[in-house]
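Sharing a structure with you now.
Going in written order, the chains are labelled A, B, C, D and E, and every chain counts its residues from 1.
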Amino acid sequence: MRPEYLFYLLVFPGLLFTGTLGLVVGCVDRKVSARFQFRVGPPFLQNFNDFFKLLGKETIITKEAVASLFISAPFIAFSMIVLVSAMIGTAMFFGVSFGGDVIVVMYLLMLYSVMVILGGACTGNVYSSIGAGREIKLLLADELAFILVLLVPIVKSGYVLSLDGILAAQQDGLFIGSASGIIAFIVGILCIQAKMTLTPFDIPEAETEIVDGPFMEYSGPPLAFWKLSHLMMWVTFPFLLILLFWGGFNLSGLGILWAILKYLLIVVVMIIIKNTNPRVRIDTALNFFWKYATPLALIALILAVLGA
Amino acid sequence: MGWYNKRLAKSIWVFHVSASPCNNCDIEILDLLTPRYDLERFGIKLVGSIRHADVLLVSGIFNQKVGPRVQQIYQQAPKPCFVVGIGTCPASGCCFKDSYNISKNIKDIIPINLYIPGCPPKPENMIAGIVKLVEVLNA
Amino acid sequence: MNSPFILLFVAVPAIVALVNLFLPVLLRKLLNLLSSLFLLYSMIDVFFISKSAELLRGDFGAITIWGQEIFSVDQMSLFTLFFIQILAVIILIYSLKGVQADAQKSFYALFPLTIAACNGVILSDHAISFVVFWGLSGMTLFLFALLGRTKESPATAVKTILIMGGTDALLVMGLALMWVLQGQASWALSALNTPVTDGLSWLAFFLVLSAAFAKAGGFPLHTWLPDFSRDAQVESAALLPASLDKLLGIYLLARIVTTWFTISFILNLILMTLGAITVITAVMMAMNQHNGRRLLGYHAVSQVGYMILGIGSGNPVAFAGGLFHMINNTIYKSNLFLTLGSVEKQTGTNELDDLGGLARNMPITFIMALVGALSISGIPPFNGFFSKWMIYQGVLETAKTAAPGYQLWILVCLILAIFGSALTLASFMKFLHAIYLGKRPEKLKDIKETSANQWIATGALAVLCLIFGLAAVAVPLKIFIYPAMANAGLELPAFSGLYQPILLLALFLIIFALGMIIYVITKNVRPDEIYLGGMAPLEKFRIVGTAFYNEIRNMRGLKGVYDAADKQAFDAYAVGEKSSLALSRLFQKAHPGLLQLYVLFIVIGVVVFLIVL
Amino acid sequence: MPENEFFAAMGDKIGKTIEKKLRYYFEVKNEDLHDVVNYIFNTMGCRLSTATATELYGGIEVLYHFSHDATGTYYCPRIIMKDKKKPQMKSITPIVRGAEWIEREMAEMFGIDFDGHPRKEPLLTRNNPTVEKLPLRLRRIS
Amino acid sequence: MSMVNNIPVGPFHPLLEEAEYFNIVVDGETVVDIDMDIGWMHRGHEFISEQKSFTQSIYLVERICGICSTSHPIACVHAFEDVDNIEIPERAAYIRSLVGELERIHSHLLWFGLAGHFIGYDTVWMWAWKYREPILQMFEIISGNRNHYGMMRIGGVAKDVDPARIPEMMKILDMVDDKMNMIIKVAKDDPVLRSRLKGVGVLTHKDAVELCAVGPTARASGVNTDVRQDEPNDAYGWVKFDVPVLPNGDVYDKFVVRALEIIESTKICRQCLEKLATVKGPILNNVKHISAGEGLGRYEAPRGEVFHFIKTDGTNRPIRHKVRAPSFNNIPTYVASCKGIPLADALITLASVDPCYCCTERSLKVVDINRDPFQIDLLKLSREKTQQIRSKIHE
């Protein structure tokens, strides 16, 4: 283990950077959503206040819960997200891969859902159980399309698996510029919408149906870390898409502006989707992903294999 | 605790407990979140689970069936947790005080920290009340 | 050259089995344990202590009788042998206490017999001894099924023996065919090498393949496996279908594709397709099971798909991955069976609908089951992920060099396999939720943690899961698999991807520790009742989780398939039984489930072949 | 005119009638109730608005309000139970499914036993920890 | 073969603005049965009303429900007037209908918003409530209150409408028309929204008739029932309007029926406002005495028919005051419409009848309990509590 890994992990682009950016982007989300609804929205540092406030609240553990699992689930999920963001960010900003490749990232992201389910379901709450069931169904729904989306850049870069390798393969042409790339990119945005459980796919934590589902029994610091890791996904997933399809960031001169624009574009598209759709039913989501998004992604893959 | 209270004052998540009201206060509470009044400006958010709540907005006269549940809800809320009584009902019983089905003493059920009287209180009135709470926290 | 050392592995368990017939239960246990430990120690000695050079080179052990080389050992058989011993010891430790009382006697006699048969299969270098031991191992399966105490046990036993016996006959035919094709050179298996070119060699290939598939549980010959898992004793389910049969079947498959046959790319494609189909069909069936054992049984099938995919792809990375997955699968699958067995012994049921919330009563068993579930779903850093990762890489490598059409075909297989692991995760979330999480029914309130021997056994398996996941290259690959591959004349794998499990775990732990520090500083814990919007947490407010995937089951397009599957429309055995009643009747008359008859069939078959050829 | 037909068809099953503008209040004997309700609901196609139970000096009366939407006319059959201690009458829920709740409420409030009601349990005071298991009317006596 | 599970919804659940409890029996996520338990809102209105004079009763029935807070008074005064067949002045009739129709608009807009919120479409919520604000403004112009208007009196209304402010109100009505057309269009065009509402929670015509459903719930199932056309009292006999009736009975139809009703309501409001600009005269007939007898009043509230029954004995108090709110008839339709549909759909179906539990659970008389009202000095109490918090935080 080299010492700079600690820097990558804890400062940039890991914990500190992703955490801060996530909290800020979370505010952007709330602010833009509010503008959509003719409202002013919260102050800019609202999510920081929320986070620190939750740290000071009581942690309630239900009498039926497995306390150790209940408490450690959010922290494991959080660590996993930090790790993945550090891996993606390092490849993006420094061109260095460590830890794992695309397949590892994909499987690590599954761990988040696992933790949501384990943490939620061990409380014995009936809503959490339903939420856990929905979470895993949603994972099934989007996973198939997500695998296809991830395979497209792998195929296009000549079967390179490592993150920096895929980035390097885009030196002579961004993948998003090709037909297969753009289709996969669009499906990818839908997939991360579902992975982040944003409306219309906020089925597992549907507040008006099952009262925040798996997160229902959480309070205090564990809840704070759930929220934080969820907000950090606002960084992780768009970065992953940019890395895979949009050539990463070029942080020099005008490149910085481009980088911010790229990132904001994805975020704003996601916010728009979020605000112009009602929550769908779980079977509708399954149908949508399996019968529409997956064939579309398959077409992208076919195009990619054919070299388009 | 000053620093923490400031954070708390800026991030109040409210949970809405309707204990047999006439519905009007509830509607006005929701109205607070909508474009005209937009309480999110103060960082106030409506949450669905009691575990996430910082403030309970209580409305209504607490009939005998709902009273014990409100008590239970209050115990299940993570502390620090404040209770705001919205409307005349929790304060004085309004026109229902002659009924046979109400809890005698709301004070024993749930300690109300702040009353916002009115039938129903105007949204401006409620905002003023909540700002008072925020001021107390900030002091 | 005769080496008594190799003979030990067949002779000792066989003698123990024989002696055990006349001993009281306690002595049977003791004898079993001693012999198993002895064999395990011998293997450890070979690999780690004296590093017996001759054995490791593979030119040491051979037993010759009448000029025919009966037993011999090379690297691949050696490490397979090692894992048979490991699992035998662990499962034996598990079975020391809590085996069904009325079946105990037969169990301890059958156990060494099984070990002897399996060891015999692995060590055999002579076609006839191979077939005999292969048949013997199938027969013990039948006997184990008969020990089961459910209503369907006899029927399952018959089903098992029919599929096993049928494929045995095919195996014999296939071997004979190869013998003919090779110009009747030798009975030695190591001398076999048939290029698959013309029709007859294809036929021989598939005949032999069917035996491997039936044993390991590959599609479409897998149907005995879920039934067996449900009806047999849990120890035998963990021993045979979950571990030893996998080792045997995949061992045979590896032999087939490496030495016995020289296969073409088309056959690789067919194998990969079969693998992908096995993965996806079995896991889709597993998702909707309500019986814990059946669910695990279907997973035992679906995991075979990965091995077939990896070994069939012909790529060294994937091949190594396939072999590695074989080992991993035996570890976590027997772990899962055994933890389920512990739950079953404590609660008296394995119906998921009746269980729930046991994590608080049986925390150790829960952790072991969790490790097993995460491993089988391929969650880093456990072992299942590493082998899957290798297989995916290898398959991608295979695709890289292929023509676009084939590329797409291979990629689709890969996608199905990756998606299969998501489905595996899904069904194991349901499995964990139904047994350990969620709300606990009142009647399970007083369930106690299981006895020490059981959790020591499952714990050992869980530790193996973690070690093989973290130190995959350093331990299992370098010690067992690379030498086997070098021995088989394959090139050594070079990873194209990047995965550093120990680094990842270390970094993960740093962040986790940081988070826990923040939690410990800020925590302010209070226990409380479940919040249900003001309602009391009554027992009836409980989600079991068995119905999690009803939406998928009821999806348009899938509903019909599932309904048909429930009616056993895809069960080759059931279809055969229904469609050709006359034939089936004949078949059943021939196989009344009598052991003697069955042995007779094998002997007659062999004799007939000897006469004919 | 539907009301003429109604009164002609029912004949002597209708007791004392008060007629106002668009309102008919008439007394019905308990044993005739089903015939009358059947005619009003099924033949005339009226809708059950609700039912009112009232405690009077002479007993407990139950007044059903059927609305004939086409003409805006109300038909209100009235049942009077003399026995205040144990009032009992026929339930009309088997004919009019919509009467289930209102009959349960009346049973809870006045202790009326509705004969043939499919679900005899209190409507409002289920899960209510403090209300005694008595009809609410009887609490005045204690 | 699969297990049946119970899911509690309530008493406090984000879906229910009021405390209410449903035990939903599901198989997987498919609803098998619903067991309803009401009574969490039971305040004993009928009992209280029987201790109040007629004028006080009107104040009380206004507080049955905050959303239909003028429908109950209208039905109540109808019942009082029905005892003696009291006529009301023409101008008063127009004002009553105006207030009633405005309430329908505000109530339906409120429902659109909440329905959007319940299916996770918060944008719809915010938009609908944004357009609801001007309606509340109109109430402030007319009565001085946002809610609980206090407009109804026996024999007329309490406050007059200032003709000078009529153009201002007309403009608001135009805006509402505009937005309603937009909402209908959205409902028809948005495929996701349609998929979420269409064919969900069907209440068949047969069930609607048998369960005596009323209001938009019944009209979306093809039952043509509307008090305004069946018994046109107040100004309804003099204004022109249609009653939209749709056949399918699903949530989508309930949605559209309400949208169409808003447009009809704005029509009525316009006609009333035009008349109010011209028709002059008193707004209140003084009623000195109500004789003994029985009176029956009803009014088409936003959720359906409100029914009030009064029995008087010649004193200034009713001896029996029966209230039946529309939701009391509509809520039992849940069981009929929710069976066999997914949980997520069932919850929006629960919301789709626009239930008003406060209305449902007023009730009966009885008991002379020793009164122990909350006679507390409000201000003092508030200060004390604030002081408590302050000291708590400072320590």
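As a working rule, a contact is a pair of C-beta atoms (placed from the backbone, for glycine too) under 8 Å apart; a residue touches a chain by one contact, two chains touch by 3 or more.
These numbers were taken from a predicted model, which means no experiment stands behind them.
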Trace the shortest chain of touching neighbours from chain A to chain D and give its length in steps. 2
What's the farthest chain from chain A if centres are computed as the mean of the Cα atoms? D
Give the identifier of the chain nearest to the protein's overall CA centre, each chain being represented by its own CA mean. A
When C-E is set beside B-C, which has more C-beta pairs in contact? C-E
Suppose chain centres are the mean of their C-alpha atoms. Which chain sits farthest from chain B? C
Need the CA-centroid distance for the pair chain A / chain C, whole Å please. 35
Can you compute the centre-to-centre distance for chain D and chain E, using the mean CA position of each chain? Integer Å is fine. 25
Taking each chain's centre as the mean of its CA atoms, how far is chain B from chain D in angstrom? 41
Calculate how many whole Å lie between the centre of chain A and the centre of chain E, each centre taken as the average of the chain's C-alpha atoms. 43
Residues of chain B engaged with two or more neighbouring chains: 34-35, 48-51, 65, 69, 73, 76, 78, 100-101
Per-residue multi-chain contacts in chain D, two or more chains: 124-125, 127-128, 136, 139
Could you tell me which residues belong to chain C and also touch two or more other chains? 526, 528-529, 531-535, 541-543, 548, 551
Touching residues (chain side chain E, partner chain C) in the complex: 1-3, 5-13, 19, 21, 27-30, 342
Okay, in this complex, where on chain C does chain A touch? 357, 359-360, 363, 366, 370, 374, 377-380, 385, 389, 392-393, 396-397, 399-400, 404, 407-408, 411, 414-415, 418-419, 421-423, 425-426, 429-430, 432-433, 437-440, 496-500, 503-504, 506-512, 514-516, 518-519, 522-533, 537, 541-543, 545, 548-549, 551-552, 554-555
Chain A residues within the chain B interface of the complex: 30, 34, 37-43, 46, 49-50, 52-53, 56-60, 207-208, 211-212, 215-220, 223
Quick check: in the complex, which residue numbers of chain C touch chain B? 526, 528-529, 531, 534-535
Taking the complex as given, what residues does chain B use to touch chain A? 4, 7-8, 10-11, 13, 34-35, 38, 40-41, 43, 47-49, 51-52, 54, 76, 78-80
